[in-house]
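Okay, so subunit A shows up in both of these, paired with subunit B first and subunit C after.
Moving on, here comes the complex of A and B:
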């Protein structure tokens, strides 16, 4: 009996499975539900409302999001006659999967036994995987065969060209400081208070705003801006598929937050992974996820403060301010490496 | 208008582009036609057909009339008093302002004038309505720019004014407050104190609005130099109200053609020269401040003067003793039966007033019967709507909600 139990535990805690399903999907889903609740509650607080309340008054409306999720799940999925069916259905699925896949290339501990894949080039691999999912948003816009969807997809395409270079350069500045593309080395280099947010605030700022741009966070909620393009690329979607589209954006933001945590906020530091599954894998994962959740909370608070920029203004900001900022951050990283600060 | 597929007659649609399962029509090289409205989240009860080249709008075609309710015709088959609740439906949150010129025009035909206290009470409700309507416009504007806090705050603060109006008149929105020869109710006890408190509160809140919305860098970037209405274009198109004043024309019916007691009140109408969407926001903020000043003066006047009849003698003398007793006890003037059967001497009258969205004017013609012969209304929104055709082209698609919101267009008022 205990043999079977051990085997099950072994399968569940097998790093690739554990990381992709638990750390990549289940935990971020829980965090996303919490963040959506938090977003609505803080916005309500700022706007002198109560926010979600009636579904579960005792835990301040915490179950409202579960109720919303169920509504999406049981709603009829309408596939209009005019859409291109195969890409219409496959694109949101692919976007969802591709937004959680990068998590396999992110280390949650420094112990080699708990790496899902070899971590030598993990920074490059995770960044490369992160840049794939927006392509499928464009595809779903095109497949919808709706004017608003196509405009929304085009806006997404404009924004990709704007933020991708910025985000990649900003994250790579960590590689410039440490001289390594190994995320484990990058985290280990941030021991003590040498977090890269302090050593390289320029790159952090560029990465932070780049993530806002890439995940349609306010003030850059442009591709889905309700008042011109209804729901952007997702206009024709309904039910669970629409929910997946929305969930993919938040999951992507969560994965990006984990990336920022690992690269700029010291990963599992100040904790040092010890022996065994709990001390060596679970605790450092929790440290990272808590930091990422705090980052998510900051992202979602912007909804209450800002309106949205115009598309051309967002592109202006990306190319004229963020891109030089990211290049400067990269230069600063090289300078610090030259001076041997690490 | 073009773009509509005719279902009756030979032409049932266009299929120029041979798209499967949908109609399509060529409108020009590299142009893309989008219908914003009438069920689009970014439109009101109207449609704006825009043609875009890339991200730039090259043509805009406002298509009004989706909430037309034949008000002018309906008024011809109703007795005079029923016109008041009817015309209120143009802009229910601005009810006193939009019905006042009708009441005044009929009073002019009957050659009567409301008592002074009633005039002050009318101004009181007019300014309360004006503030509430501006706040309503701010809320819509905020959500158009994606600023959810600016959506919630003005709608919440508007409640203060709506409840004051309810306390004064008994109805939150369609007050039917000014009637021929006066008003329906006097101020309740303690009303002026609550009004002063609301004025203090609103002044504080305007400062909060400035911090989170008007001076917000994102909002400034969205609004500055967007949707500029040049002074000469504003005059040419006949734009009225805050939109006209934000373009540098000092015209306000309250100043230029004072009605009720506006000539006895001390207020200054702000004028901005820029004419862009940002100036229109500031214009409305400043006008709320002026309305608060007016309300303060009205509250002072009401405190100083004892309660006197609020209906003209022509109507009040026919009131039974019970009605007079009720008025003495509660300040409510119950309308006598004389209103139901009243006839208005034959003649023509023209009256105007300044609503929250600009000048509204009524032409009232009577043939001596118990119903109007003809009523013609020219509302502010109908005049302001023209502006979309001229100022939207050249802007980007994302500017359309900013311009739409800054004009504060209210379709039911325009369509009547």
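Moving on, here comes the complex of A and C:
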């Protein structure tokens, strides 16, 4: 009996499975449900409303999101006759999976036994995987065969050109400081208070706004704006598939938050991974996830403060302000490497 | 000849630093409200707005003041008020004869208050509330007995009275009304 139990524990804690399923899917899903509730509640507080309330008044409407999830799960999935069926169904699935997959390249600890895949170019690989999923949003807009969806998809395409360069340059500035593309080296270079948010705030600002742009965070919720293009690429979706589309953006933002935590906020840094599964893998990953959750809360706070930008305004910000900011951040990183601050 | 299109541009005010400052101010206001929320949503069954006397709510008849003139039924723009013929015993003479009494149909009433205004003896009056629920549409067509009672107001039993006042700093704010005993 204990042998079976040991085997099950061994399978569950096998690093690739643990990292992809638990750290990549289950924990971010829980965080996303919390963040959706937090976002609605924060917007209500700032705008002098109450927000979700009537489902469970004692815990401030916390069960409202569970109710919404149940509603999405039991809603009928309607596939219109005019759509291209195969890409219509496959595109949101692919977008969701490609939002999660970058987790395998992100290290949650410095001990080699707990890496899913040991690689020395993890920064570049995780960035490359993160920038794949918007292509499938364009595909789902194209497959929907609907004018709103195509407009939404085209907006997404415009935004990709705007944010991808900014986000990638901002993240690569960490590589410029440390001279390494290995995320473990990047985290270990940030020992003490030498977090890259302090050493290189320009790159952090560019990465922060770039992530908001890429995951259609609220001031830049342009591709799927409800009022203008009726949820953009997702007009024809309903039920669980629509929920998956919406969830994919939040999951992607969570993975991006983990990336920002690892690259700019010191990863597991106040804590030093020790021996064993709990001290060496569980605790550092909890440190990273807590930091990423706080970052997500700051992201969702912006929804309450800002109105939505127009497409041309967002492109203006991306090309005229963020791109020079990202280049300056990269230069600052090179300068710090030259001066030998690390 | 069609109008010629002219390319006009609105000159942008201030440089990049003034925009930065504006963003910081917006976020500061957001943070201020996040930590000190001044909510004014009315949680309806638990709170209700206490309306003043003279509000045109539900209408009640004082039968002893009614002189059976029928003005209320004649002026009613929605034809909600109608007259029914019922026997009436005069307490002085002891004679019984048929008289016309007003009854109201709340399916039709628009709460304009003309009937209350036109009544020569003030036999009709408003109650200062409007959130009354009837179970069926038939009950909403009141008979003479029902018309003389003030309708039951469950909101008063369930909730606390509040009112909205204009504050100089915050704009509109919600204030709880203290009962008369608490004031002293």
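Observations, loosely collected:
In the analysis below, the second predicted complex is superposed on the first by the 342 of 342 C-alpha atoms of A that agree within 3 Å, B and C clash if a C-alpha of one lies under 4 Å from a C-alpha of the other, contacts with A are read in each partner's own complex, and residues count from 1 in each chain.
Going forward, a residue touches a chain if its C-beta (ideal position, glycine included) is under 8 Å from a C-beta of that chain, and two chains touch if they have at least 3 such contacts.
Keep in mind that this is a model prediction, so the values were computed, not measured.
Once subunit A is used to superpose the two complexes, subunit B occupies space that clashes with subunit C. Of the two partner chains, neither subunit B nor subunit C is touched by A:271. When the two structures are aligned on the shared chain, A:301 is found in touch with subunit C, with no touch to subunit B. Between subunit B and subunit C, B contacts the larger number of subunit A residues. When the two structures are aligned on the shared chain, A:230 is found in touch with subunit B, with no touch to subunit C.
Contacts of A:34 after superposition on the shared chain: neither subunit B nor subunit C is touched. Looking at the shared chain after the overlay, A:53 reaches subunit C, while subunit B stays out of its contact range. In the superposition on chain A, contact is made by A:310 with subunit B only, not with subunit C.
In the superposition on chain A, A:321 contacts subunit C only, with no contact to subunit B. By the touch criterion stated above, A:221 is placed in contact with subunit B alone, subunit C being left untouched. Comparing the two complexes, residues 46-49, 304-306 of subunit A contact subunit B in one case and subunit C in the other.
Looking at the complex, you find that subunit C touches subunit A at residues 16, 26-27, 29-30, 33-34, 37-41, 43.
Contacts from subunit B toward subunit A in the complex involve residues 19-22, 32, 34, 36, 40-42, 55, 142-153, 156, 212, 216, 218-219, 221-222, 396-401. Subunit A contributes residues 43, 46-49, 81-82, 145, 147-148, 151, 218-219, 221-222, 225-230, 303-313 to its touches with subunit B in the complex.
Those residues of subunit A that touch subunit C in the shared complex are 42, 44-50, 53, 301, 304-306, 321.
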